[in-house]
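Sending over a structure as structure tokens; questions will come in a sec.
As written, the chains take the letters A, B, C, D, E and F, and residue 1 is the first residue of each chain.
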Amino acid sequence: MGNSANNTVLSFGEVMLRLSPSDKRQLRQDNTLEYYFGGTELNVAASLAVLGEPTRYVSQVSDDFVGEAALASIRSYGIDAQYINKTKHPLGLYFLEVGSGMRPSRISYNRLHGAFSHIAPKAVNWKEALRGCSHLHWTGITPGISEGAYETLKAGLEQAKKQGITVSADPAYRSNLWKYGKEGDKILKELTGLSTIFIGGVNEINELLKTDFEFSKEGFIAASKALIKACPRIEKVFDKVRTGLSASWQKIYAQAWTGKAYLRTQELEISDVVDRIGTGDAYAAGVIYGLRHFDDQKTLEFANAACGIKHTILGDANLASVAEIEEVASGNTGGRIKR
Amino acid sequence: MGNSANNTVLSFGEVMLRLSPSDKRQLRQDNTLEYYFGGTELNVAASLAVLGEPTRYVSQVSDDFVGEAALASIRSYGIDAQYINKTKHPLGLYFLEVGSGMRPSRISYNRLHGAFSHIAPKAVNWKEALRGCSHLHWTGITPGISEGAYETLKAGLEQAKKQGITVSADPAYRSNLWKYGKEGDKILKELTGLSTIFIGGVNEINELLKTDFEFSKEGFIAASKALIKACPRIEKVFDKVRTGLSASWQKIYAQAWTGKAYLRTQELEISDVVDRIGTGDAYAAGVIYGLRHFDDQKTLEFANAACGIKHTILGDANLASVAEIEEVASGNTGGRIKR
Amino acid sequence: MGNSANNTVLSFGEVMLRLSPSDKRQLRQDNTLEYYFGGTELNVAASLAVLGEPTRYVSQVSDDFVGEAALASIRSYGIDAQYINKTKHPLGLYFLEVGSGMRPSRISYNRLHGAFSHIAPKAVNWKEALRGCSHLHWTGITPGISEGAYETLKAGLEQAKKQGITVSADPAYRSNLWKYGKEGDKILKELTGLSTIFIGGVNEINELLKTDFEFSKEGFIAASKALIKACPRIEKVFDKVRTGLSASWQKIYAQAWTGKAYLRTQELEISDVVDRIGTGDAYAAGVIYGLRHFDDQKTLEFANAACGIKHTILGDANLASVAEIEEVASGNTGGRIKR
Amino acid sequence: MGNSANNTVLSFGEVMLRLSPSDKRQLRQDNTLEYYFGGTELNVAASLAVLGEPTRYVSQVSDDFVGEAALASIRSYGIDAQYINKTKHPLGLYFLEVGSGMRPSRISYNRLHGAFSHIAPKAVNWKEALRGCSHLHWTGITPGISEGAYETLKAGLEQAKKQGITVSADPAYRSNLWKYGKEGDKILKELTGLSTIFIGGVNEINELLKTDFEFSKEGFIAASKALIKACPRIEKVFDKVRTGLSASWQKIYAQAWTGKAYLRTQELEISDVVDRIGTGDAYAAGVIYGLRHFDDQKTLEFANAACGIKHTILGDANLASVAEIEEVASGNTGGRIKR
Amino acid sequence: MGNSANNTVLSFGEVMLRLSPSDKRQLRQDNTLEYYFGGTELNVAASLAVLGEPTRYVSQVSDDFVGEAALASIRSYGIDAQYINKTKHPLGLYFLEVGSGMRPSRISYNRLHGAFSHIAPKAVNWKEALRGCSHLHWTGITPGISEGAYETLKAGLEQAKKQGITVSADPAYRSNLWKYGKEGDKILKELTGLSTIFIGGVNEINELLKTDFEFSKEGFIAASKALIKACPRIEKVFDKVRTGLSASWQKIYAQAWTGKAYLRTQELEISDVVDRIGTGDAYAAGVIYGLRHFDDQKTLEFANAACGIKHTILGDANLASVAEIEEVASGNTGGRIKR
Amino acid sequence: MGNSANNTVLSFGEVMLRLSPSDKRQLRQDNTLEYYFGGTELNVAASLAVLGEPTRYVSQVSDDFVGEAALASIRSYGIDAQYINKTKHPLGLYFLEVGSGMRPSRISYNRLHGAFSHIAPKAVNWKEALRGCSHLHWTGITPGISEGAYETLKAGLEQAKKQGITVSADPAYRSNLWKYGKEGDKILKELTGLSTIFIGGVNEINELLKTDFEFSKEGFIAASKALIKACPRIEKVFDKVRTGLSASWQKIYAQAWTGKAYLRTQELEISDVVDRIGTGDAYAAGVIYGLRHFDDQKTLEFANAACGIKHTILGDANLASVAEIEEVASGNTGGRIKR
């Protein structure tokens, strides 16, 4: 990792504690909970750190032993945690009951009054925090949490624009957020306007633009063009398409519109899902890594493989190395033991 | 749950402690055992309680801390446990080694001298116990355990008949029971004669009537008719058909003879079985719930979906809610995360 | 338990999820958390239920699978849970790092926006909820959580007063509560005025009355008299005195002012504390049980023994039976195996 | 171990599965149970095998995967298991809730219809089983289980008498046994009459002889003399005296009557008991080992130290080596790390 | 097992401690490691012992509590461990991260300076160790560890040749061994020359003979003939062919050249692999068992079924019984519960 | 932590994986091992990082997933890990069986061919590694591991001397090291000659100087003076004195010779030791922290309290904060819960 000058990827968002019963049990059946620290933007930073990229995470955590443990987890990846604030509010968290087969996973959140929800623009000196950075990543979760989170993010995006650095947007819209009085679609469109890479597809674009492009190659191309028209800083659109046969068996492929061409990958099949959480974040990290090292087609394949392999890894973060992901991307999925 | 007047489902049978090594280990490999309290009739009561039905369990448990823990578990579902006796004999139990793929699960019982085997008719005041009940459920396990269990059950069925309430029979025949000198088929036929709903198929009817109907739609219809002829209180026959590709991969569908029509469901496929125990009990509970809320076709689909989803849930009891089961019954088995 | 007419103890308060690393680890060292459902007023109800008293718990929990698990836990004790509301807010919870020796336990709360904090008087029909009750128990935690909790409690106390039933008050003052703009001492004094039994000592009375009685037998007697003067419905004062040699080694004795006489017990010594949480609640439950079954001296000894034995039991609730507590109260603390 | 000609210690008795919640939990609080295979006579054999003595265990276990696991455990110590029968009855077992401080441990047995209870004299060819043996050990548990167990043991003792080998008797009387119609005291006296070493004290002798010698040095000497008079094959009496300050804190010393002299040891103190089960068996194994290697005084000290150190070891069997026991016997109890 | 004269299978090789995070976690995610004692040649001995064959294991382990635990594990199977040496070097071990789906398992070894690597010919008196043996099994791992291991093995093979007993060779070549200056192919050819049964296929033969037969039925037959020409003591060649769809989904079949005929089995499919380690060893044990009890075709089917069922069993050793393997070999893979 | 200019503490030594059975089990009783990354010099760095000091660790770890996990653990404390090398040798490790009461803990090492043992002077550019450092810490373990480790350390000490920074020496002599042909006492004396703070007492000085000062205040003063005479760069000597009542019950106090005065602390008593490992390292870290923030008397009391509190914390590293240690140092050891 080291002191890579002007090369750091900054990610901004919440840190959450994930709590789940072991072995696909339900909460009422167990007496212990496994835990991981995650959160969609942190997962992206963690994946990139494991891939060897210099990364920085900006956030706000609780000023107690829970927040201390969160920081220890973040630092363990080699992520630069010096711009993470502490505050006298409890850390956001969620409970996860892991599904199986025809039984879906269930999540129950406790985040709307958490440490991160109390963040405000003055908590982050973006000029300092973005020093040495060439990429900023954000998702639609953050502006949905609280007005302060939205404003803090917006300040960061404006500073990033000033510095002319790459900004990737993953505008995940969640209906159980946006409780503070703003309309999600308007804000997401505003923030996407400040970004250069869009990680999403027909669904996300339809929500943003209030359109109804159809789910097909043609629909994706048309939607991408419409998005770029509406948000002209966007240069490329990276999407992944998931087919859920059951909670345990999923298929994924990726497609992109590069501004000039449509690209797509083969479909990967995961017949025994170990962990569904964070697979989209692994994809986003794969896109960001690829943009920094590969051409667009290889980026897409790398990101899809990263997403696929994440389904086999417990926890929020993708722990796969570049070599492991490239092996899957090259079609080697037979799982032969590495001695 | 509350005090639903005259609406309670009563289930009668053993309470057993299930002990199994974790993670599909064999007993000789482990040093801890996971445990659940179950038993086929209790599983039915627990499923119904989770579905929101008022339920009562009648049984006899050990008068020690094991029995106390059994009661705590039963009460946790909201089941009315006030008619459960205590006795100075150890609780029945079984060891389970969970199989996988081509390796079958193995069960070893320790129940033939257990607390429930010592039950006798005087232990249950059936008139009181059946107060407020509109349904009684029993299985063929109970009369196979001991003469006292048989006689206590029979007394209950006779009281139920007097009250004119619905009686569902799941006449599971187990060759490792019936050690006390009675012939299983005769007694099961006698008790089925006191019942109104039969939960079983060609196999169970052949055992009861000493016939050999074949395994087909036609065989099932013919067998059902023969059963109703022999036991004329029986109104409907609900069956499920299982195909085991391996211990981990099963297919199930359900069929019924309503006295007038043959019904059946689509086949459900479970490619990654979490727990095979109690899937038949989940089906029975689904039938009972359906009879109280749905028409016969929807009952059958609900029961089949309940059985299917139970394969994904650890422990003896089906913890799925009505909404979760209906979602599967409606064909939504893609396992998308519920946030 | 059964339907003991007019004999039920009602307890009112929060339900919290307690989360703690195993084996005295710190949160940053572990990846699993043990959990229990508790809360000071629930602990009292649970202890009384285990002692065989009919009990009812009134509260408000989250309308999700966490709240469902809380209800299962509450019902498992045999507590009547029918007056527990559900609401669309997450369940209150706390993290506990268990101390040892000279290292104190640490607690971090996440409760101020929890399900119970949103309770309001209209959520509880006290006339119905108190039907069949002869005792109501409350603590100073509840009015400290939110104005709604305070008002709901007050409505209950007024209804109890109308019914003329016994009301026990454990006015635990916690400085990390009372964030909603009320002064704790005034409210606690008001609510104590509606109560008949005071569970507390010099410390609690000094906080309530803004006095500074000293910590001695004489101080306790004087403080008790002053309290009864200020709150003339109070009939008796039950106190326990703890000496902490370390987090693992504690000594306790109990004292009381009966309105007429000073009573006290021998000191009990716990040299290997298993769980400190809930020991005060075990004492309160012991007092309530004693008041219903014993004279004052035996009540005091029973409550002190209950408190002592709770130090040896994991979790929030005291699981000791009447016989086990009486054995300790009678001086038999040698720990000989019961076969 | 190897093929030590004519030097084997044979122990005869039940094999039981011990099941206990972890971390001093109660059964109703947990969802896993730790297990060990033990049983008082097996514990003696296991201790002796760990000490390096050639040992053989004669018993009857269940013919299922539980019995198979029991055999694996027995063989793991290096015990010769070839004379252990299999039978179609479940293995005996017990549940243990581990106490702490003033809370006693609780045990609930399920053994009276277990595999060993069905043993009968024809199951053991004692002539063959005792080939190469110089010592036979038995306890009063065995004849208390069933008539068949009593008769099988008696046949063994008579064969041992013929061969003139040492026979040690630990006549533990348990009131929850002896359900098959025999009087324990008479049978224990008869069997002690066939033995040469008595492991017990005033309590055990009073039960055997219906006397009431007092608990003192003088009482012990007088009782020992009376026993030798009544059972003249007995040569020496080895006793240990336990003072329980609590379930977690115990003191022990040992005393002996050698036929000529009274011997006793210093008192050992265990302030943090890890496991109380099997401490008496560790003492018995220490006596047997000592008789084969040391003089009487050293035997007594070795046995007392073995008993003491067993309190610090989980499970039924004493895993301490000769060197470790001798270190404690020599007064080195400071617990300095061995690197 | 007992003292089966002249009928013992001796296996010679390392004992290793296998350490792996639970539940398919990676090492950096966990804080506990599951462990098993194994090693390819020990796995063969353990499988044969479970199948009921008299077995002996010859090895060298550490003279500490790790080695003591290894011996306990070995003895637990009923394996004769009396010829296992102890030495003042740590036991060899490896870390295993269990893969899933497209993520391969990873192994990291710590064995090259382990207890077994220091073995030397004088450590084993082969004449004594081979007394009563009719079969010796070795693998190519052993001579790859150290020169001493190679020479000790060679001495054993020469003694076996003198006694004219069957010798099975599993010449697994591992590129991460052979660090001590010898060429693997030459040594493996030399040692295969002292053997009578070859367990391997085209791959192994190509490595041994520096040939490049192709992967087909014809290639296998030609390779087998070439091997027998080069190593004329070899009588039969038993091979298994694996197709890895992923780390979790594998297909296997077996083929053999009996010197006269080509044989092969049906393909078995394992869609939910529990443990990949030791599946080849289960095959080898199946071959050895078959050679002693069945004809060649049944041997091949038995060995293939043993290999298949091992994929469903945690740990290094195959714990399946003869009956269980025969059931799979006969095509019964539906996984119906055994009660 | 941040970028504290010229203020970093550098520690140099091995990273080891500690593996121990849970709950004071022995290795042969368990099937899982808890693990921590530690090592005496790393423990000092970790403690200092938790106390808020900028720290850097210099070492060499394995180039595999074990080494990767070690790095994650080191980074989690906020330690600067950029000067840690990777090499193709397995990470050093040790097995620990945790003792209790009169049963000592046992350790078995596997380190002599580990990654760190292969370190050589060229692996560390000390000029770079010491940039920004004001303190270097070493112990006598490092030069005992291998000649390369000795030489690498010596090069670091010489560079530190050039920079004139503080050097603390903890010359722990271990007889199971020093296998590579050097005499420990000579080398330790040479390296102490390059140091300025000595952390040790009569025992360590006697080993270094081949003297035999007695264990008393006077002996300590005389020994300290002799040491300073022999190694005149040494300015102060900090010692701690331990009395082990048992493995679970320890007493400690600290004493120092400041060159001018003798200082000592009160004795702390730990009656329920949670973890003995790393208590000396916690003391050393306390000394180093004190030297940077306090006067000598407060340093001594802080270091003794740090040592005391470490006995209550699982794992190798002291996780106590400055405030927690100061509270103990000020005599507040009653263990009252922190809410």
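Heads up, the rule we're going with is that contacts are C-beta pairs under 8 Å (C-beta built on N, C-alpha and C of every residue); 3 or more make two chains touch, one makes a residue touch a chain.
Bear in mind the structure is a predicted one, so any value in this text is a computation, not a measurement.
**Q** Please give the intersection of the contact partners of subunit C with those of subunit F.
**A** A, B, D, E
**Q** What is the set of chains touching both subunit B and subunit E?
**A** Both subunit B and subunit E are touched by A, C, D, F, going by the contact rule given at the top.
**Q** Taking all residue numbers at the subunit D to subunit F contact, is the shared part over half or under half, that is, same or different?
**A** Homomeric contact, different residues on each side for the most part.
**Q** Copy of C-F's interface among C-D, E-F or B-D, judged by over half the contact pairs being the same?
**A** Within C-D, E-F or B-D, the interface duplicating C-F belongs to C-D.
**Q** Between subunit A and subunit C, what is the separation of their C-alpha centroids in Å?
**A** 44
**Q** Between subunit A and subunit D, what is the separation of their C-alpha centroids in Å?
**A** The separation of the two C-alpha centroids amounts to 62 Å.
**Q** Calculate how many whole Å lie between the centre of subunit D and the centre of subunit E, each centre taken as the average of the chain's C-alpha atoms.
**A** 41
**Q** By residue number and range, which residues of subunit F touch two or more other chains?
**A** Only 22-23, 26, 28-29, 31, 72-73, 76, 106, 109, 271-272 qualify.
**Q** Does the chain-touch network form a line, ring, star, complete graph or other?
**A** If you draw each chain as a dot and join those that touch, every dot ends up joined to every other.
**Q** Note which residues of subunit B are touching subunit F in the complex, please.
**A** Result: residues 29-31 of subunit B touch subunit F.
**Q** For subunit B, which residues are in contact with subunit A within the complex?
**A** Listed in rising order, the residues are 22-23, 76, 268, 270-274, 308-309, 311-315, 319-320, 324, 328, 333-339.
**Q** Would you mind writing out the residues of subunit D in touch with subunit B in their complex?
**A** Within the complex, subunit D touches subunit B at residues 19, 22, 26-28, 31-36, 62, 64-66, 68-69, 72-73, 90-91, 93, 95, 97, 106, 108-110, 112-113.
**Q** Which stretch or stretches of subunit F touch subunit A in the complex?
**A** Answer in residue numbers: 1-2, 71-73, 75-78, 82.
**Q** Which stretch or stretches of subunit B touch subunit E in the complex?
**A** Result: residues 23-26, 28-29, 99-107, 109, 174, 176, 244-249, 271-272, 276 of subunit B touch subunit E.
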